[in-house]
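Please read the structure below before turning to the comments.
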Amino acid sequence: MTLKEKIHKFIHGEKGDEDKVTGNEFFIKFIYTLIILNIISIILASYKDVRNEYAGFLEYFEMFSVVIFTIEYILRLWTADLFYKGKTAFTKRKNFIFSSYAIIDLLAIMPFYLPLLFPFDLRFVRILRLFRLLRIFKIGRFSKSFETIKNVLKETKEELSITVFISFIFLIFSSTLMYYVESEAQPEKFENIGQSLWWSVATLTTVGYGDVYPITGLGKFISGVIALIGVAFVALPTGIISSAFINKIQKDRKNAESKKCKNCGCEV
Amino acid sequence: MTLKEKIHKFIHGEKGDEDKVTGNEFFIKFIYTLIILNIISIILASYKDVRNEYAGFLEYFEMFSVVIFTIEYILRLWTADLFYKGKTAFTKRKNFIFSSYAIIDLLAIMPFYLPLLFPFDLRFVRILRLFRLLRIFKIGRFSKSFETIKNVLKETKEELSITVFISFIFLIFSSTLMYYVESEAQPEKFENIGQSLWWSVATLTTVGYGDVYPITGLGKFISGVIALIGVAFVALPTGIISSAFINKIQKDRKNAESKKCKNCGCEV
Amino acid sequence: MTLKEKIHKFIHGEKGDEDKVTGNEFFIKFIYTLIILNIISIILASYKDVRNEYAGFLEYFEMFSVVIFTIEYILRLWTADLFYKGKTAFTKRKNFIFSSYAIIDLLAIMPFYLPLLFPFDLRFVRILRLFRLLRIFKIGRFSKSFETIKNVLKETKEELSITVFISFIFLIFSSTLMYYVESEAQPEKFENIGQSLWWSVATLTTVGYGDVYPITGLGKFISGVIALIGVAFVALPTGIISSAFINKIQKDRKNAESKKCKNCGCEV
Amino acid sequence: MTLKEKIHKFIHGEKGDEDKVTGNEFFIKFIYTLIILNIISIILASYKDVRNEYAGFLEYFEMFSVVIFTIEYILRLWTADLFYKGKTAFTKRKNFIFSSYAIIDLLAIMPFYLPLLFPFDLRFVRILRLFRLLRIFKIGRFSKSFETIKNVLKETKEELSITVFISFIFLIFSSTLMYYVESEAQPEKFENIGQSLWWSVATLTTVGYGDVYPITGLGKFISGVIALIGVAFVALPTGIISSAFINKIQKDRKNAESKKCKNCGCEV
């Protein structure tokens, strides 16, 4: 076994193209702990007191994490030719780079290197650090639940796209209608259809913050009708997903306890 | 093939009485692009900055769209006798004019011509332009999803009408009750049952803007009971529709994988 | 046929103990129209302008309705011995009086007679008029949908009572907890557990008016956890009812298209 | 029958390790009445007027309840060796002490004794009294419904944990994103990710109090997208639980009316 193969075996703790996870258990747990600590650090760093007190420590931890993640990424890239499919070592590495997990990994470390290269807006760069949060789906069992939800979404793809599309049309339609009806009475709240869309989303998801609402009689009547009809449409995707979920359970259970006709032995 | 037949074939890109779409691909895509651009233009025109800057351009685009849509409508009307059923060319054209798609088309171009004929209220006319939004359902695949949702609604028609009716009674009942209870404490918010209905809709759809809510002890108690019971009733239609949707999926799948009794070979 | 039998046949347009509706069609439609006009009159009377303008007319209409409804009630009571079960004419009439429809009818006309007998609070009396609204369920087809929903509720009785009970405990528990946590920071909003219950109902039905919400850190944390868990529990009854509804559809359809094994002719 | 056995039989009115409830009916009803009176007393004690007027009575009732509950607890502990499994009387008693019902019982009486031992914060101690509320689940029929819901939750355990986990990630992700986007425009409302999480919970449960909402254009856009997607995810657990509930009904009914193939007599 060459050094490359040894390293490949050592770091290979995530689902790539293979099903078996054979990496070094300690190394994998270390990476996962680092991911969770990074999320906690992002949350803590948002507190002013923590930032004032532990700014240095947080910075060192950030640097340490990025170095580890960078080394991990480079090693993965180097050993990618061993477990990714492709004709040449180059296409294998390309397949790795454009795999969804590798893109998340790269985006998660980029906010550290970008400011060194270009004078970017700091806030935009910080948002990129959020991708480190998505790395949590790489953790074995989470990745499995992610697959399950992906399958359910795939199964109800057609129904979802229909209802999502109709919800979208409904949002646009009700926004435009309310803009025409309310913009004269409340020019600052229903200033344009974009602002009106904010009202639509808040209403049809039934969040209803209360920052924007119709005040004219006609506006109240129309928005009442919109709410009663629209709430049903916007809630449809949820209903479809949850029904599909429970369908999956029933199906799995039926497969487990397949019934046979005792007389003829035939499966019914 | 006469000119009429050629034109009919050229423009016939929408579902009329026939199933086959045989129109000129370029022309159909051009019309669909124009519909989407019209929606975008309606949204953009609501922004003051855009209106100030591009008022002329938007007006020209509006005029251009209406001319195209008018020509399309006239050509459709002219060739309607070729693909609409009816005894005479006149009844065929009448059937076209009163088909839901043609009505939407007419309503969508009318706001341009109406002010030329009568001195209408501008706001009312602008609202008619919204029908141009509904033309999106004529686009092939959208029209298909529209049919699907129509079928689901038709299947659960009876259950929906029951629950919609009970929701309606519940709305009237709770509005009247809250008007009697709260109108003395908050005469400006629960001024009449119409105002009180606004509270009912906002509460029972769980939007809850927070502009109207009971302040008396009795009002809070009654509205708490109303909310707990009513939310369930108003949410029923949604539940029924989404269950019907998933039922459709299961049924389609069962048809695909029809089970046979191995012994007798009969379908079960 | 005696006069009594004639009258019985004339007025018997509502579901009593029998299934057949054999009353005089005109009379029944007249009563139903009167019920709907009464509801409209209650709503209109809540508008100050209408009240000022048409006070006399509304009062006459009220008086006219009550007289009609009273005559109808008396005739029903008189002919009750013809279609209600019971040993003696007295027990038959007693069965009529205590049938749910007769109680609603009596409550609907009482607000007119009560003030003539006792010096009641006017507001309380007006609320009784609301029962006239419930008479709408006596209208043939509405009464049928009422039966359907009653059956669905009866079928899921056990599951509903479990979830309603748990929702109730959850409401009390979260109210008490939030009272302990928030009453010091907001003594006027979380004054007692009753006030706190108002917050609970508004939160767990997801209405969220925004008149009461936690402001302390601990309160926000606890109420966040309560919302995430509680919303699910309070939404359960709705889910159960709508699932039961769709179940009924499936069952009815299965009965209609009973499948038979072609070979043995057995039903599966 | 020794005194211990007699006492055991007298007090054994709650579901322990056995299924049969054989305790003295009067004693059990007395304890249950005391539990409900305690809950009412906790609620009433939150009202200032009641507290001022009946402070002494409430205190005596509290003392009386605690004494009864303490005696009950001691008697249970003493007789635990008769009905709890274990090798020695000591392990049997230990099994009793660590049973969920006994822990609730102990927590329910502790707030009375704790202040006598340590100078605790009064508010924290009062919160412990809430556990007396949970004793209601020990009442026979309630305990049964509690078991039912526990079974349903257990059956959908896997699906629930997946959706709860994804909801959790979604909450963290959206909080962090909104903190980055809105903290500059509203530093006091989106001060840190903790505050931002409060917004996330209020939005994704669709409560929407209206105390925190985005004001920037970008914030409104992102939060609109978050609301539309997130609402579906957070509503999933509810959908799954209610589907599982209705599944249970169907299953129970199918078992009751098992169908037989008429030809071969086999169960299908």
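Details
For reference, chains read A, B, C and D in written order, and residue numbers begin at 1 within each chain.
Methods note: contacts are C-beta pairs under 8 Å (C-beta built on N, C-alpha and C of every residue); 3 or more make two chains touch, one makes a residue touch a chain.
Everything quoted here is computed from the prediction, not taken from an experiment.
Look at the contact of chain A with chain D and you find different residues on each copy: under half of the numbers used there are shared.
Comparing the chain pairs C-D and B-D, the larger number of C-beta pairs in contact belongs to C-D. Of all chains, the one whose CA centroid is most distant from that of chain B is D. Annotation: 31 Å between the Cα-based centres of chain C and chain D. If you average the CA atoms of chain B and of chain D, the two centres end up 44 Å from each other.
Counting only residues that touch two or more partner chains, chain C has 194, 202, 206-210, 235, 238-239, 243, 261, 264, 268.
If the chains shown are joined wherever they touch, the resulting network links each chain directly to all the rest.
Contact residues on chain B toward chain A in their complex (touch as defined above): 39, 42-43, 46-48, 123, 126-127, 130, 133-134, 136-137, 142, 145-146, 148-149, 167, 194, 197-198, 201-202, 205-211, 234-235, 237-239, 241-243, 245-246, 248-250, 259, 261-264, 268. Contact residues on chain A toward chain B in their complex (touch as defined above): 155-156, 159, 161-163, 165-166, 169, 172-173, 176-177, 179-181, 183-184, 191-194, 196, 202-203, 206-210, 213, 217, 220, 224, 227-228, 231-232, 235-236, 238-240, 242-244, 247, 261, 264-268.
Those residues of chain C that touch chain A in the shared complex are 206, 208-210, 268.
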